[in-house]
Amino acid sequence: MTNLLNIVFAEPYRLGLALLLIMSFVGLNAAYLVWVERKGAGRFQRRPGPTEVGYAGLIQPIADAIKLLSKQLILPDGLDATLFRAAPLLVMAPALISLAVVPFSEKLLGRDINVGLLLIFALGSINVMAIMLGGWSSRNKYAIISAARVVSQNVAYEIPTLLVVITMIMVTGSMDLNEIVRQQAGGFWRWNLFRWDVNPLAPVTFLIFYTCMLAETNRAPFDMAEAESELVAGAYTEYSGMGFGVFFMAEYANILLGCSVATVLFLGGWQSPVGIGPGLFWFLAKMYFLVFSVIWVRWTFPRTQFYGLLNLSWKILIPVSLFTLILTSAMMKMF
Amino acid sequence: MTSAETSPVQAPRETFVLNLGPQHPATHGVLRVKLTMDGEYVVRAEPVCGYIHRMQEKMGENRTYAQFLPNTSRIDYLSAMTYTHAFVGVVERAVKLQVPPRAEFIRVITSELNRISSHLVWWGAFLLDLGGFTPLLYAFDDREKILDLLEGITGSRLTYSYYRIGGLYNDVDEAFLKGTREFVAHMRPRLKMYRDLVTENIIFRKRLIGIGPIGAEMCRKYGATGPVIRGAGVAYDVRKVEPYSVYPEFDFIAPTFPEGDSMARYLVRMEEIAQSLRIIEQALDKLPAGPVMAEKVPRVLKLPAGDYCYAVEAARGRFAVRIVSDGKEIPYRVKLRSPSLSNLSLFEEASRGMLLPDALAMMGSLDLVIPDIDR
Amino acid sequence: MEPQDDAQILKDCAPFVKFAKLDELLALGRANSLWPLTFGLACCAIEMMAAGASRFDLARFGAEVFRPSPRQADLMIVAGTVNKKMAQAIKTLYDQMPEPKWVIAMGNCAISGGPFVFPGQYAVIEGVDKLFPVDVYIPGCPPRPEALIEGLLKLEEKLTGKRRWPVVTPK
Amino acid sequence: MNSKLPLSIPFQPVDYAAKGYHFDAVIAPDKVVEMAAALDAEGFVLDTITGVDWMAEGQMEVVYDFFCLEKALRVAVRTRIPRDNPEIATISGVYPGANWHERETHDFFGIRFAGHPDLTPFLLPEDATYHPLRKDFVA
């Protein structure tokens, strides 16, 4: 996209167009990932899932969207209306902006900047704050409990995530996502997932990143924010209509982002594992495989207990990721 | 680390009241729990009942014995067969009706099928409480097979009213007997699959083991029965201790687990499904021929003055009917002793100092049917 | 131009131009995305769960998204007996649901009090339509899951004016 | 624990096959706490507490059912109190499980359990003042 668009458009327009494309990409994906989730859940549970609304239920997301858009937006009495309205947007926006630096193929990326990784993780923390705002401004006890949970959960999981990312930055020596992908050229054994030479625990690093990604996107088995059987609908309890719809979409946008970053960091991004095929195809294939695994996990595991979740982070993930970091730096120093 | 160890409840700093229900996904019906909380710790959990009080005892006092019979399958709708069994049992006992053996055997078979279907619903709903959605659908899939069998002979999926005073509504057919054998053969490997899929899951084990301990003494003080007391290591099962119907003829055990935590109650129920399958198999083998209705059932039933009791082991524990008769066609007083009420009454004491999700997991492990509490 | 001419032009164009009315689109969207409130009262709730489970699968019609919060639900399935103690709570739940919203009264208890009505009864509300408007009534004690699905189709029919499948009458 | 019948309560044997319980005792209303303590010491479990309204005789009967965990041993203890002033001591101090049974009996019959921690309506609405299972109750 860069080269082509550079010719046609001047910089500000180009970025605007890129954001527009990303927004439609995310919107379409969020809608159809819901469909995949519902279909997938159906298959995991020996039932057909949506079938009647359009062929194989393909119009289902559109019907849902029409309904949510035309639904009354209730502002319950006595809440902080500004924050209540801002929260869904604040959840959505960082994911959209972050996707602008993700290289979908060598050429197809919104903005090629050399601190892309930094940008993503800097924006990623806004997401948490937004859910907290939503919960807090709702003036609902369930929502407040949920907000408190989200904050402590995300604080606990930011640390191992960042430790893993630092390890990867050390391995690759770059914060430029495209550069990281370029380094992994030449077959799947060159992926960062298999960089035994500098990081003997590379697959473990990937697993830690994957777990943290599940936790940070509030997906099962770490879906404390929306723990249905405990907190009704968690931070979203008071949101109706599209307010809830945007939260719902943001969840999928964040999954997309998380899986994209995992693909870039560990699975070689748009590099083909066997040396053939277009980059975009391989990137999407890898990313959607990860997305599918996220859905798979959700419909298989029960929810963890809250202290179990924090114990996992503070007692296992952080020490292990610290150890990997030290080990990697030692390896790099020695060899 | 269990939640009670780190609980600040000994000296709560600042508390707030959280109203759980009457519409809340975890209460499986319309129970309301008034929670006084310190953060996420439960300082006091006060169940508020009565949101589905349906006057069952009052209705017992203004209709005849036969007319009250359909009500019994609507008290605990998941375990309708056993509840009807208790009611027909008490009337048969009072008017000294001899029920034909074939009818008693079929009662045992259907009661045990009903117990399995009840436990399956509980299993799915309990996993739903823990945030796992898929097992519910697996459980309902197997449950549909039982419902097909029972529907074939009773005409109803849930509220059977299949037992009549003096016997049964009708005899079972070949399709039922064959289908039941097939179901037993089908269910055994499924139980193994459930174990592999859920019981061995590490997240699941961590959420249950050591959580929500209920001791034998607490069960005794509150009158908790069924899987709750057997999960505390006491082998109390009405079918064993106070045998009724033809249960003494079968070889089965009342499974107990001494730990008293949520896991023990879970394992008791899973083991009970296996034991029920054993009973069904033996009953099918021994099923005698003959009529299914006693010969001389009086058209107008009048119980001699006095009071009569009959207790059965329902899926949730001991269910007892006490009828006080003054010699008329309608009872003077019908008292229904529901297991869920006694099982829930210990919740306030047992949940003190627990974290909210743990307390809800423990409430799920008590297996409550709210209309059974409220009657 | 005279208004009659407008009408005439519209009529002339009818074979070539389709005027998709927004209302119809909205109705179609709403009818195909009825999210029920997770709200079971008694026996009927078990059949409601069964309707959502594998054999009957409400998901086929996009109605399996049981939302625990009334703010996100479109449809309240009153599945069971409502008594006087519950009446206030259920009315609050109805008020908390955002417009447009629909109610299905599932089972005899929700329709009329069902088997629990007798002279001198002191607890049961004799029909939830005494509390708020009801769109579809499903009789039965309890209704089978198929009946619930039929009720859902009836509600869709009410919204869109069209029936999803033709009705098959037994010969 | 091998439960036996406490000697302090005047138990009469009953035909189990015909009635469904083994022993029956009628005690004075002021002896209920003593009775509960004696049965508790022997390891009995409280099955249920219920009332019966004998309107013709102007009395309320309170029936306590107990059962035993190890063997088939079921006892009923009954006591009668005047209908115009139905008051009896609570046994929820001995059996905490009696709390809800007594509240329910209070709901249905208006029997006041002296010393009970909380006699607010249990199954009836919070503001209910009627007692539906009394024989003279009119809705």
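So that you can tell them apart, the chains are marked A, B, C and D in the order they are listed, and the count of residues begins at 1 in each.
Definition applied: contacts are C-beta pairs under 8 Å (C-beta built on N, C-alpha and C of every residue); 3 or more make two chains touch, one makes a residue touch a chain.
Everything numeric in this text was worked out from a predicted model, so none of it was measured.
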| item | value |
| --- | --- |
| Partner chains shared by chain B and chain C (touch criterion as defined above) | A, D |
| Selected pair, greater C-beta contact count between C-D and A-B | A-B |
| Reference chain A; chain at largest CA-centroid distance | D |
| Distance between chain centroids, defined by C-alpha means - chain A, chain B (Å) | 44 |
| CA centroid of chain C to CA centroid of chain D, Å | 46 |
| Whole-Å gap between the CA centroids of chain B and chain D | 24 |
| Distance between chain centroids, defined by C-alpha means - chain A, chain D (Å) | 61 |
| Chain D: positions in contact with at least two other chains | 124-125, 132 |
| Touching two or more other chains - residue numbers and ranges from chain B | 24-25, 50, 53, 55, 58, 137, 141 |
| Interface hub residues of chain A, defined as touching at least two other chains | 45-47, 228, 232 |
| Touching pairs among all chains present in the structure | A-B, A-C, B-C, B-D, C-D |
| For the chain A and chain C complex, residues of the former touching the latter | 38, 42, 45-53, 57, 59-60, 62-68, 70-74, 228, 232-233, 236-241, 244 |
| Partner chain D, residues of chain C touching it in the complex | 84-85, 120-123 |
| In the complex, chain B residues that touch chain D | 49-50, 53, 55, 57-58, 61, 90, 93-94, 96, 220-225, 229, 234, 236, 241-243, 306-311, 318, 320, 322, 324, 332-333, 335, 337, 341-342, 345-346, 349, 374-375 |
| Touching residues on chain C, where the partner in the complex is chain A | 25-26, 28-33, 38, 53-55, 57, 59-62, 64, 67-69, 71-72, 74, 96, 98-100, 164 |
| List of chain B residues in touch with chain A within their complex | 1, 3, 6, 16, 18, 24-26, 39-40, 127-134, 137-138, 141, 201, 203-204, 206-207, 355-358, 360 |
